[in-house]
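Letters A, B, C and D mark the chains as written, and numbering starts fresh at 1 in each.
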Amino acid sequence: MNTAAPVSKRRAYEAPAYWRWLGFLIVAAIALPLPFLLKNFFIFQLTLAMVYAIAILGLNLLTGFNGQFSLGHSAFFALGAYTAAILMDQYDVSYYWTLPVAGIVCFVAGFLFGLPALRLEGVYLALATFALAISMPQILKLSPLEHWTGGVQGIVLIKPNAPFGLPLNPDQWLYFFVFAVAALLFFCAYNLVSSRTGRAIKAIRDNPVAARTMGVNLSLYKSLTFGVSALYTGIAGALGGIAVQFVAPDSFTFGLSIALFVGLVVGGVGSIGGALFGAWFVLFVPNIAEQVSKGLAGAVYGVMLVLLIYLMPFGLAGLVRMAAMRFARAKR
Amino acid sequence: MELFLHQVLAGLATGGIYACMALAIVMIYQAIDHLNFAQGEMAMFSTFIAWQLIEWGFPYWAAFFLTLAISFAGGYMIERVIMRPLHNAPILSHVAMFIALFAILNSAAGFIWDYQVKNFPTPFGTKSILGEGLLSAHDAGMIGATVVMLLFLFLFFRYTRIGLSMRAAAANPESARLVGIRVGWMLALGWGMAASIGAVAGMLIAPVVFLEPNMMSSILLYGFAGAVVGGLTSPAGAVVGGLMVGVIENLAGTFIPVIGRELKLTIALALIVLVLTVKPSGLFGRTVVHRV
Amino acid sequence: MSTMLLQAKNICAYYGPTQVLHGLDLAIAEGGITTLLGANGAGKTTILRSVCGMVRTTGEIRFRGHEIADKATEDIVRLGIAHVPEGRGTFVRLTVEENLQLGAITRGNKVEIATDVERVFGYFPRLRERYRQQAGTLSGGEQQMLAIGRAMMLRPKLLLLDEPSFGLAPLIVQEVFSILKQMNQREKVSIFLVEQNAALALDLADQAYLLETGRVVMAGAARELREDENIRRAYLGY
Amino acid sequence: MKTHYLIPAIVLGMALAASPASAQKKYDVGATDTEIKIGNIMPYSGPASAYGVIGKAIDAYFKKINAEQGGINGRKINFISYDDGYNPAKAVEQARKLVESDEVLFILNSLGTPSNSAIQKYMNAKQVPQLFVATGATKWGDPKNFPWTMGWQPPYQSEARIYAAYILKNKPNAKIGILYQNDDFGKDYLKGLKDGLGDKAKSLIVSEQPYEVTDPTIDSQVINLKGAGVDTLVTITTPKFGAQTIKKVAELGWKPTHIITNVSASVGGVLKPAGLENCKDILSTAYLKDASDPTWKDDAGLKNWIAFMDKYMPDANKADGSLVYGYSVAQTMVQVLKQAGDNLTRENIMKQAASLKDVQLEMALPGVKLNTSATDFYPFDQMQMMQFGTDSWKLFGPVITGGVASAT
């Protein structure tokens, strides 16, 4: 497949800045009281949804904004999760310190992987990242590394308690913690995308030749984007490991990459807010599918995915954008 | 040295499987300009249909050709019914559609035929023809059939008008319409042919790995690797690439100490990525030269 | 003046929700060369795409008595309209030979096709030298020749050309345009030419239209337009 | 026909658990006068979906109990089974859903070592029984550290030790080659085999060949084993690779002493596809009856099972060993619930699960009995060796009690 320019070249409808702030405030107003209203299990699920949203956002930075296709983000997710787990398990590092470390490790890994990947485009890049995703669980199982990784048995972690004697249970605390991290990362992503650098990144997606003539250093920007994308996904992995309290090679198979990719598409390629809906899909649609039919859970999931893509070929963000455009036109 | 030879032979036998799949992948790439992630599952599903026909008492070859026809119709229908409404959607939505197709076919096969491994007959027999069972008649037959298919495809694409139309429709649909080609039909035809070739691959592979719903998921990966290393634009490259992957993987697993046994796939993949960074369109792929 | 080959009435065209053409009328005489002038973004390319059914269009387009406004591109082409699109639409991965064969893909008679290939070589001898080469490796001028050659393989009644001079050296442009003139006369093919280079186009054409923001603002014999004061100032630059 | 299939078990259970139905009713979340809620996690989708039928078989058996006996002690069983796609992270989510949202009394037979490892700590912290997990890893019988987790099937290591003992006794100078799946399952077997061989492991094992579940074939590994001069092959594989190995060994014209794990010993699921003519003299062990093995065709237990299958799972493939497995797990559970009587607290469930005495399930081999105690959390720890004849397995030797339970 030709994925050099995977997103539609149509001009995106840009919402005014105050809308974004309004959107954030609405999300916050809904999200913050939730932990006091829901059972712990739902709080945990929402926490996981935010974790996936961060990972999908990371993938979106690479695929949606820079036009590089990746099926290998489960590997960065795993790397982040294992970095956090090993630091906590072997070196008694506090969970919050593991996030920056996981982020940096993944940034470096992503940057380095991005360098040879520079020579690859479209399907070839897809295969290289695919290979990365397939290899990661095998590397994690490798006997010489067993001492750190726990081999096939994985690592069990302890769930952090709320600090400063806050009257929150661990699930509630983790929810707020992840919410804060997610808010920060989404904020950074917005700023990155609309900055000078962000324009360069998008220019590479839309027209690499023109970008080069405009003086954009293609290799540097592409590798950096790869690094930042891996950083996001790695932090998500670390948070995921902490939330689930367990990391093992089987949690980070190629299936995770596929799930993130599907989340990216249904949320909306090239849309930052879409990652939230993508995460919702990744987490809840399999549950809905199995309620419909146990034996055909996979098929039901597939059919739901098909219908969703028919309904909104440009993802939820595309649908919203279209509606907003209609609305704006109608107002005129 | 003996072990080396044995592993090379066994690698060729396994590589035959990959080559077969790689060919099917390149075929659909030629026809629709996409990699289809559901291709392996389509092949698996076709093979189950053949198995069912044989269970119902059809003779092997009748089941074989009937399956080809059914698969062709199935592939054609998938394009018309599922992919057609999406022709304006972005490419990533297509990929998501392939994933959905994968999930549906895999799950449906498990539901209909359950997950017990099934024996699938071979038309070539299992007699050993080289090196005491290293290369069986079936292995040789499989490689032979792959080469025949390759030849057939080469002739079809190179020398028939419809083959030329299909290539044109895939490479540049808009221009193809402008010379009067019915692009929609060509795409559906491409899907149909790819499904049939996948069915052949499935029916050749199943006797070796046993038939079950997850039979193809890993083979598809190796097929991709073979197709890409050989060059996606070159059917012959895909066959050579598939055989290479089989041999390299066996040698890495056997001769690289400590990590080789546990990471043989990883090592094979790393080598492929290395090849690609040196030769980005594969060993035999044609680089498209653009001059403005 | 002979009968009208193509007659368009009140065509409007849209890209998504954006309207590009605003109800224009157009007629192309059989056997002649008609050119369409206008600034960038005036909608010249869109008219060609409308004729070929490549963009959402309303209105009425008749070609040799057939209503074609609601037909699919491939069916319109099969009626005898060949279109050399913007950017030439070359099949870069295919050979020159295959590109030419594709031009005649809707025709069945192999002998006729073979003689037509020879005829194209008669106009463009350079293509014969490049016969087995991948089309993407050709130079810009050669690719333009290939595109025109491919279009002629259809034996069209009407040839639509979109900016054939774009990106070519002046000498090559001269060569291409003189060949177009010959083709028009010898092959009995009418030509509808969209061109930035107004001077060149008006020299070649019999009839001309001037387009501004999706509307026809002037029409007439090419000779008359060339004499027009406004046109001279705005498009010919002297 | 309305038979009480569990008659022997019930009699035994009654005899041993003095008066199970105490007058006082006690409940934890998940149990009421009319209902017992049981949770379960299965890989209905994903790479291990082949095992999803276990969940379906358990469900079908509970349906039968509800329909034919009105449930257990008047309480219907409400069996809630969720899919985790063999993904540990998803298993945690599903376990929490079962415990916190559906409020089940306990979780039964959740499948897979990774998934159970992921939820073990949570279940023990919550003090919710994680009963009869569907994995043979040795770590599930650890009442000291994880008093709320219990295994069910014989530990992989126990089985491996049986093979080790067999080899030491019958082929003291064997050249052993091992083909194993490179995951928790394979590595546990490997450890058991090496532990069982003891000091001689180093000298006897000449080649170890791992494979990945994602490998299309194991041809290369088998060739390496043959090339290393192996004369005793131990095959630690899942069914598909077991069939491939048997076939490849035959194709190579190689005739080692071939031991294959119980997981891959199904006549209908592995040996038939691999070709029965290739299976002569293969060794394995068993603890459940193989429904596809003609040996049992006149067995009363099997007939009951077939009657159950025909009525409650008519579309299922009877050659699938997982169906017998699920059926037997459900029967074990019914036994425990009967013993618990009206005291349906989580603590008592755990206590009753740890008080199984010589329970003979109808689909277990004759003489292979369930036994647990406060210190023994391995319900099945007995197996018998068998050798394949021309079309069926022949049991031989005594019923062997695995060494792992006593060793730890």
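Quick note on the criterion: contacts are C-beta pairs under 8 Å (C-beta built on N, C-alpha and C of every residue); 3 or more make two chains touch, one makes a residue touch a chain.
Model, not experiment: these values are computed from the prediction.
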item: Chain B to chain C, fewest steps along touching chains; value: 1
item: Steps needed, at minimum, to go from chain C to chain D via contacts; value: 2
item: Selected pair, greater C-beta contact count between A-B and B-D; value: A-B
item: Chain whose average C-alpha position is farthest from chain B's own; value: C
item: Whole-Å gap separating chain A and chain D, where each centre is the average of the chain's CA atoms; value: 38
item: Whole-Å separation of chain centres (CA-atom averages), chain A against chain C; value: 48
item: Between chain A and chain B, centroid-to-centroid distance (C-alpha), Å; value: 31
item: Shared interface positions of chain A, touching two or more other chains; value: 134, 138, 141, 295, 297-298, 301
item: Junction residues of chain C - those touching two or more other chains; value: none
item: Where chain B touches two or more other chains, by residue; value: 103, 107, 110, 221, 262, 265
item: In the complex with chain A, residue positions of chain B that touch it; value: 29, 33-35, 82, 85-86, 88-97, 99-104, 106-108, 110-111, 221, 224-225, 228, 232, 258-259, 262-263, 265-266, 269-270, 272-273, 276-277, 280-282
item: Contact footprint of chain C on chain B as seen in their complex; value: 161, 164-165, 167-168, 171-172, 174-183, 233, 286, 288-292
item: Contact set on chain D toward chain A in their complex; value: 44-47, 49, 52, 55-56, 81-83, 85-90, 92-93, 96-97, 99-101, 112-114, 117-118, 120-122, 182-184, 187, 212, 214
item: Footprint of chain B on chain D - complex, ascending; value: 45, 47, 49-50, 52-53, 182, 209-210, 212, 214-217, 219-221, 223-224, 227, 239-240, 243-244, 248, 251-254, 268-270, 272-275, 316-317, 319-320
item: Sites on chain B touched by chain D in the complex; value: 2-3, 6-7, 10-11, 13-14, 17-18, 103, 107, 110, 114-119, 126, 128, 132-134, 136, 208-210, 212-214, 217-219, 221-222, 249-250, 253-254, 261-262, 264-265
